[in-house]
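Dropping a structure here in structure tokens format, bear with me for questions.
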Amino acid sequence: MIDLRYPTAGAGMALLTAVFTPFDADGGLDLDPVAKQADALQAWGSPAAYIGGTAGEGAALTTDERMALAERWLEVADGRLDVIVHVGHASLGESRRLAGHAERIGARAISAVAPYFHRPGSIGALVDACAAIADAAPTLPFTYYHIPSVTGVNLKASEVLIAARERIPTFAGVKFADNDMVDLQRCLQLAGDSGSEVFVGVAKLILAAWQWGARVAIGSVYNFAGPLFGRLIDHAVRGDLDEARRLQVLAQQVIDTAAAPAGELAGFKALGSVYGVDCGPVRAPLSSVDPEQLAALRAEVTRLGFGAG
Amino acid sequence: MIDLRYPTAGAGMALLTAVFTPFDADGGLDLDPVAKQADALQAWGSPAAYIGGTAGEGAALTTDERMALAERWLEVADGRLDVIVHVGHASLGESRRLAGHAERIGARAISAVAPYFHRPGSIGALVDACAAIADAAPTLPFTYYHIPSVTGVNLKASEVLIAARERIPTFAGVKFADNDMVDLQRCLQLAGDSGSEVFVGVAKLILAAWQWGARVAIGSVYNFAGPLFGRLIDHAVRGDLDEARRLQVLAQQVIDTAAAPAGELAGFKALGSVYGVDCGPVRAPLSSVDPEQLAALRAEVTRLGFGAG
Amino acid sequence: MIDLRYPTAGAGMALLTAVFTPFDADGGLDLDPVAKQADALQAWGSPAAYIGGTAGEGAALTTDERMALAERWLEVADGRLDVIVHVGHASLGESRRLAGHAERIGARAISAVAPYFHRPGSIGALVDACAAIADAAPTLPFTYYHIPSVTGVNLKASEVLIAARERIPTFAGVKFADNDMVDLQRCLQLAGDSGSEVFVGVAKLILAAWQWGARVAIGSVYNFAGPLFGRLIDHAVRGDLDEARRLQVLAQQVIDTAAAPAGELAGFKALGSVYGVDCGPVRAPLSSVDPEQLAALRAEVTRLGFGAG
Amino acid sequence: MIDLRYPTAGAGMALLTAVFTPFDADGGLDLDPVAKQADALQAWGSPAAYIGGTAGEGAALTTDERMALAERWLEVADGRLDVIVHVGHASLGESRRLAGHAERIGARAISAVAPYFHRPGSIGALVDACAAIADAAPTLPFTYYHIPSVTGVNLKASEVLIAARERIPTFAGVKFADNDMVDLQRCLQLAGDSGSEVFVGVAKLILAAWQWGARVAIGSVYNFAGPLFGRLIDHAVRGDLDEARRLQVLAQQVIDTAAAPAGELAGFKALGSVYGVDCGPVRAPLSSVDPEQLAALRAEVTRLGFGAG
């Protein structure tokens, strides 16, 4: 096991950002905004960029684009931020290429979803697949990215965690992106007993996760709503749970509102263009929020009380 | 629209084979058996090899491996067989690279599943994605490969067909791999009205599809059970529907039996090693049928009456 | 096994009607239209009324109402028509009461869905439940009504058929209402080998079922579209499959159109008020098609070619 | 709105018991153990019995049996305990009969699931159905029982709560039995703003619910594990969250262990026969845990640390 812990002052929570990938109007990769993205993370205190994951549209990039993106992030991070590279792919061979590249360029860690076309049918097969990836970057911590609604791999993260920490020398924990709160609780309980970490990936349940002892999250909402979540956790730490709960419900409403016109990612990226760094449209096969929808979205989240400081 | 029709004698059915990809014991790509696979197809009368699809574990290969495989097939086909290259990928950029390559090396046609990590949310977005791929091989017929249980893209194939034949100049039809018989019927009715084709991909329903006018199929069962399906169709053509139905039920039972120990693809590849050309194990993250399971599988399909000639 | 066969002239198909239950404007049971319903069935040649099933909103009636309805149907049928009483219920005790009552009043047969709140977890438990119901009407044929999308009991009908014909002396067959064409094919194959019958309950697939040897159907579409389906089968019997297929696709489009505003049953009952006997609204908790929606629905099905004679 | 609150000392939690219904070896209703069940609830401090719900196999009883059971519970409760009668049914007419009966015999409140064969298709239709039931017992508080995995009615409880408190004069809250933690959080937030109550019905998430302000639960686990959950809440109230979490995870493991051989309810009833009042087998169509399975189950929960005091 390799440690990938983010110490927090007191009982707070480290909020790592699953950053968007910038595209130009034609959907071409645009590396220009990356430096601004890194500045923005540093400005509000996010200690790491998680790149090329779901929010980063990694699966919609070519392998070459993924490598170019990672290289640019390492340049601009320049020691100010950690860069965690998502290397998951339907092909383990491509994953291994990405993992080796991430190690060579100095990434802090790698992470991968389960293979998602031909899918592992058991915990053993899934952990073997993770081991094959981790083994291609033997000096970097490896985190399993659990997101069954996207991958279709419905194996409990807690069972993966138990098997992976035995099997994979560099195993560092689980990025948990699912609504199964019981499985999340088991992961948190198990992680507490070992050196591994649970990276909470469900922004709608972050307060409940914090109450169960979670101390680190990775999410795309921090591209545009980091300060809101920061205040939420601050209130929780100070014992003002009523206000923390109110902010959690507000965050849930903002998320639902953003997702309505064209799905969660397109809505988040649109909000990011207003409340964060503009990273352009989403890439095909996704469809972007159009300008009229974005105006309505801004009006509605403002009405809910978002962005009021 | 470009034609990709396979004329059949009388009311018969052309059975195209979705060929397995051969691996060595370590899961490495092994191009040696490909020549034998081509011989086998020619021997029993399959007019085309569909490569790198679901049965071909295309998504588990790297892009370089997929190109090497396609090149080898073109060499060994040598005019005896058509080679249709599956170029579907989670990344449209990689799909386009594969499509351009297929055109350059002389493939007969290309085909692609919907992007399956970030998924198109509407018929329009899906057909745009298909158009982007087709456009990278502008002289080749393009076939949409409909397999919602794997891709998670639950848009009706009949609606894709309607939109695609307007939108994509090289659109040649749909490879239909789903149990929704109503959608299949609509596709067949629509295809009859236009120049496009429906390639039936559900071996369990091939007789019902034939009765609805289907005249071409693509499947992985033809790697090991081509003659059985050939006889099934012959009986149907001769009007002996009782025997055709008996063989259809037998085929369904063989398929269910094969799928039981480790899933359909592992079971089919195992049967292929006995009744067809040995293509080795399935590649990670899939798990292979072990020798004991294979012995039991052979015994059971023999008991059902399979392989009796 | 007790026979419940409906002989057809040549290779035709008997079309039994799953009749609507008439309600007044307040949702109260209204027995007045029942006589007209029976006349209508006789007029176009439907040999039996299946009452109190899904289309009959049986589960939304009290047990007393179900008995009153059954009694009225027996009166008006008066030997002109068979009356098959659906006695399925979440409570086997209530099912047994309904079964005994049906036998006493002279019903031709009983039929039941699987218990649908507490659900049987195995074929054995389901067939035991069916046996308990059948045993309360020991002189009547019993038919299992397979409709997993409503009951949530996802056990294959073909496996129920195999177990039930061994276990239940009065077992007469399966009413099959599901899209799984492979399971339907197995049922038809199995039924051909024994004295049991398969009552096809999927109007969208009736031609495919007929091609597989089905010779009897039960459906609610026959409340308003009996003649259309009669012509469809006539064309099939005469070998004019192109026209039969055209009518099947038309029927599918009419069904989809009817289901759009408020669900399939509300749409069918609304079409029934125009093209059959007016049975009033659907009962709570269902919601009826409103007059404006009905006008649009009529216009659309007319445009498709329905009702043109 | 009518109040149905259970005041707790400090920040504790009232644990209401969804009691089992006792059956004899043949599945016949056996009212003898009911007095012992009432004694047991009083003994460990459960303030109310919720009868005829999911755990009480209410849907498997006839209406007459449900009334007899309710009458017996009112007799033995005799002011020591509240009796809340579940009156949900696929037929609103039967629900209304049960509701009127519950009022006449002096029940404390009524509660109902959504109709579960013909299902309401909108919040409006569902709340209308609830209003029809509540109206049949106009002096009793009415609670909507949200359990979508059983009823198949997938409408958000929080939206039902918002609509029902406007529409139903006797609306008292929601019994929440689902894993959607976000919906539960909304319900708790909404309930805090009004006079309605959220009865937590997910024993696996009771601590997380308590942390969100829940102060009352209804569950079947309290038939055999009431003291465990009492201790869990006591630790939480005293601020010992580590121990509370440990007990929550233990409870989750006990629940999973119990559910393994024959489903959750059969497993719970079996554990109830050991650690609570013996209520006999489950009734058909459910299948009971057999003696061998029960011995293994006892051994396993003991090994986990259950029952150790």
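List of remarks:
Lettered A, B, C and D in written order, each chain numbered from 1.
Just so we're on the same page, a residue touches a chain if its C-beta (ideal position, glycine included) is under 8 Å from a C-beta of that chain, and two chains touch if they have at least 3 such contacts.
Since the structure is predicted, the reported quantities are computational estimates derived from the model, not experimental observations.
Interface note: subunit B and subunit C, two copies of one sequence, contact each other through mostly matching residue numbers (shared numbers exceed half of all numbers used).
A rotation of 180° superposes the C-alpha trace of subunit C on that of subunit D, rounded to the nearest 5.
Computed from the mean C-alpha positions, the centre of subunit A lies at a distance of 38 Å from the centre of subunit D. Rounded to whole angstrom, the centroid-to-centroid distance between subunit B and subunit D, based on C-alpha atoms, equals 51 Å.
Shown for subunit C are the residues that touch two or more other chains, of which there are none.
Every pair of chains meeting the touch criterion is listed here: A-B, A-D, B-C, C-D. Contact residues on subunit C toward subunit D in their complex (touch as defined above): 54, 57, 59-63, 65, 89-94, 97, 114-122, 124-126, 128-129, 132, 150-152, 262-263, 265, 282-287.
In the complex of the two chains, the subunit A residues touching subunit D come out as 179-182, 185-186, 189, 204-205, 208, 211-213, 241, 245-246, 248-249, 252.
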